[in-house]
Amino acid sequence: MIRARCEVLSNRRTGRYHSLTLVAPEIAEDAKPGQFIEVGVPEGRDILLRRPFSIHQASRRGGWAGTLEIVFDALGPGTAWLAEARSHDVLDVVGPLGRPFNDPGDLSTCLLVGGGYGAAPLYFLAEELRAKDKAVHMIVGARTAERVFKPLEGKRLASSLVFTTDDGTMGELGRVTDALPSVIKRTGAQVVYACGPNPMLRAVGEYCRDLEIPCQVAVEELMACGLGICWTCVVPFIALDGRGWWNVRACVEGPVLNAARIWWDRWLGASADDQTPPEGFTAAPEPQLAKPWPR
Amino acid sequence: MIRARCEVLSNRRTGRYHSLTLVAPEIAEDAKPGQFIEVGVPEGRDILLRRPFSIHQASRRGGWAGTLEIVFDALGPGTAWLAEARSHDVLDVVGPLGRPFNDPGDLSTCLLVGGGYGAAPLYFLAEELRAKDKAVHMIVGARTAERVFKPLEGKRLASSLVFTTDDGTMGELGRVTDALPSVIKRTGAQVVYACGPNPMLRAVGEYCRDLEIPCQVAVEELMACGLGICWTCVVPFIALDGRGWWNVRACVEGPVLNAARIWWDRWLGASADDQTPPEGFTAAPEPQLAKPWPR
Amino acid sequence: MMTEARLDVDLNGVRFPNPVLAASGCFGSGREMAGVIDLAGLGGIVTKSVTWAPTRGLSTPRMAETPSGMLNAIGLQNPGVEEFRAKDGPFIESLGVPVVVSVAGTSVEEYSQVTLRVRDLPGVVAIEANISCPNVERRNQVFACHADQAAEVIGAMTRLTTVPVFAKLTADVTNIVGVAQACVRAGAHGLSLINTLLGMAIDVETFRPRLGAVTGGLSGPAIRPVAVRCVYQVAQALPETPIIGIGGVTRAEDAVELMVAGAWAVQVGTANFFNPGAVAEVAAGIGEFLTRKGLAGPTDLRGKVQLRRNVPEPAHRRG
Amino acid sequence: MMTEARLDVDLNGVRFPNPVLAASGCFGSGREMAGVIDLAGLGGIVTKSVTWAPTRGLSTPRMAETPSGMLNAIGLQNPGVEEFRAKDGPFIESLGVPVVVSVAGTSVEEYSQVTLRVRDLPGVVAIEANISCPNVERRNQVFACHADQAAEVIGAMTRLTTVPVFAKLTADVTNIVGVAQACVRAGAHGLSLINTLLGMAIDVETFRPRLGAVTGGLSGPAIRPVAVRCVYQVAQALPETPIIGIGGVTRAEDAVELMVAGAWAVQVGTANFFNPGAVAEVAAGIGEFLTRKGLAGPTDLRGKVQLRRNVPEPAHRRG
């Protein structure tokens, strides 16, 4: 992990999103798909905390030319401010942070499922997987066409690619999870990587778990530090033996986690205040634990 | 009083100071020497309150061309931010505020004493006095030459002008108060107007009071609102009959006040916590109250 | 077509055209602002606290800025209740905006005497008992620090007048709910929550306190989370008692936050200083907010905080 | 030539190489940061509070940003004192930076038991009794809310160990000086002031509390004026007792402010989150400040607030 003052190379719109490229050779050198950076908001503003963003691309051009690209949606004060960054502005960046997606090991057919800006880190992953001669298939979904992130980039990288939009303005009408069963069947996917809104990750994760396909998801939870020192970013995570659970930090134990071990109901659902896991939760070890995800 | 969004026409350095010109026709139309404006810092910053600045020039060019000029020293977060303002930026301005310097009425020989950026509003006053065919003499002092505000402007406006600097880098070595006695004697000043650091105003005011020369000073006190609603900006002020005192608001009853009626010791001095005026304070009406300042 | 929301509120009989009032000490009596802004958009005005005798207040510096907030130590400067009646009385009567007179004092007797002199002023719809100003000579003059002392003042005031009395409380206590309950039992019609937090700042160059009075009251957005918490706690305990939420309101969303926590109305203090139009703008913004949400009026916000988790997720989690 | 100031401090026997420590819950045990920054510049580390049993903490969302501050509701997540001993014990021993172990619990018994398990850890120079965390199930578990309960916990802990105990107090009380005095009488070696203020925030779109636990603790620059005031009040009452000032320190000037108010040392919490190097930078900045002022060390700051007005005016008033 490095803290660096990074010059903005460019800040462009990409559909609904902003795509920010930073001169960050040291961070780019280390960055792996699924990791993120934390960008500081300037001093003197009434927001204090850094903003986390997944790494979309890390160009390791050697020397001082290495760049990092992040993609973001201008939702609130931090991202609105970032959307105003101009070339040559200097940002305070910490990264790369968190655990990346794991290498699939012997498994050769990979399915990458992205929702909204969650597709951004998957293109980075796709590059890495292709470099290892893996078969890469993708599903990229969003609410509407202008939120489908860099469709051409997806087409370039994936052997097969399905788009979905909630409003049917691009690709299939519906959600990525509607397309998931047929794509898994068609491609014979042996491993699934997903990034996107948490409920999407949950749906993908639960489907894969039922099929006993290993599935890694890059989660999002509010983060105060990104460094593992504040314990704000936790996700309820089931023990390896399926007995009991613990709150793991998305910023250091994650953001990439084994989907099958996340206790989704407690995290996102109605039972969040319930300290006792539901019936059968601790009794049966998770199906996919028979094929532990290589880590 | 008007609240307006004002475009920055220019923002230049003037010696140690910054000189900011705003397109502010409505405020300029009303502005009188000694009044001030309050400039908003932008939303989202951790400082909330506006910053007060004396009006240096108001050009009433008619229609939408009217401009306002303020001069400031970049001392803290607000002025540092303002120093970065560029042409075409838009500032949130309230003004003109406060009571201006009074018309000297029948008195015809005026002495204007400025310290540091305090000279800025006096040039505006000098223009007005000259337009009324008054004799205008000036003393302009500062710590050092680069803090002597617009010396050429002073020379253009005043019939006689003495500079003083604490370090002797320009004009006479010393303070404006060192030059005051001889200038008053030489010019036969009948009325004194002063603006500058409060201790300077005190020294000028007390000297004039002893000579029974009416003296108006434009004071500075911390201001939260500038509108008369918060009561932060008060100055202890002696009743007209010399009996008792009250805290008046520098933003509405001032910033221009009759120097002879300010209870300087309580305001700036060691007796600030003392609620009882010193011996003789309430007994004797102030000398210059015999010639009440035309207001 | 969306119907526009109605903004008027009824605090168990005390009515305001909209739920946003100017806070005490942050708007004068309105007279100072009459030439500056259009007062018609205001829900009401709470006057600067008035005491029995003319009060000169504390030495300057009287304010210090702090991150997203400010400290003040005015010390209740005011001309005393007689001059208040003479100068502000006619103005209040002619104003057409409901006025709440804030009453302060250093003894039960003083609160009583001032109450007697303001209860009959035309245009006054309520009295706010400022028993929580931190800028008093001795901490034991902050009656809202102790339930029994607070109740004594409120009891004395409510016995003297039929004008509804709101008790203004401080968050600088171990148990604000206990103080609130005591005030209500003593006859308070409602509660104003919160006054400034006791704070201090020091100039590191001179080592002098940045306030002439050494300590002062912290206000502004910085304290909003404390105000929301206090309103929530008291509203949970006293759901029938009108609460006016105060603390760090600068935008309509801030007011909505306090109302969802349990406030029936809100007051805007510090924001007036940097935005003279704040009160009316917040009120108008609440109207737009309600209309956008399809809500009929402020009562659809009051205390509507969703404590169960099974309500819709925020948009970013829906994808 | 100016001589460089010395930074080491002695809190009546508890020594730190400089007066700036990492605050509890805002730096882990230091282990997480060892790979990120050079720990050598730290005055000390206060560990995340440790409880008897492993504690999972509260539901997310666990934080919400507020103006110049943040709310947190972590709920003391920690692996319990046994795993703390096993995992953090060796790290602390090898660290070379003084460590203060923060101890939390829900009963006097639990504080005692944890104290017994941490008092012998090598490298531990003091224990901080976190009796003021607002993120507990019931408010009556905040022992620092009441002088007698605070004293009971501190008394039990100090009877069990010769390791100096600092009582960490909350500002959410009517009389912090009373609680401080009770702790000192019960044997507290020093006081850590302050913990977070109880606060709350609500999402106005969903009407849900922005924290899973509904209320949480407010920290950051927003609360600094309250921390300065608490340190000042307690220091005036207990000039011989070491005080560690906490609350909103992000820069050296903030630390100086707390020390001038009466703190013997300071802790940096929230600032670590956005500036991982904050603790060491604040310490270095204090050094530069002292040198610039021609002061010899931190004791030249401690409690040096100038209450008399006859000290030099700030530069802008001199002209």
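Order of writing sets the labels: A, B, C and D. Residues in every chain begin at 1.
Criterion: a residue touches a chain if its C-beta (ideal position, glycine included) is under 8 Å from a C-beta of that chain, and two chains touch if they have at least 3 such contacts.
This structure is a prediction, so every number in the text was calculated from the model and none was measured.
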Pair joined by more contacting C-beta pairs (A-D or B-D): A-D
Chain B and chain C, separation of their C-alpha mean positions in angstrom: 35
Distance from the mean Cα position of chain D to that of chain C, given in whole angstrom: 32
Chain B and chain D: spacing of chain centres that average the CA atoms, whole Å: 46
In chain D, residues with contacts to at least two other chains: 59, 67-69, 212, 220-221, 309, 313
Shared-contact residues (touching 2 or more other chains) in chain A: 46-47, 272-273
Chain contact graph, described as a line, ring, star, complete graph or other shape: complete
For the chain A and chain B complex, residues of the former touching the latter: 44-47, 77, 81
Contact set on chain D toward chain C in their complex: 59, 66-69, 71, 145-146, 171-175, 197-209, 212, 214-215, 218, 220-226, 228-229, 232, 248, 253, 256-257, 260-261, 289, 304-307, 309, 311-315
Residue ranges of chain A in contact with chain C within the complex: 46, 75, 115-116, 142-143, 196-200, 268-270, 272-273
For the chain D and chain B complex, residues of the former touching the latter: 67-68, 221, 308-310, 313, 316-319
Touch list for chain A against partner chain D, complex: 1, 3, 40, 46-50, 94, 221-222, 224-225, 227-235, 245-247, 252, 266-267, 272-273, 275
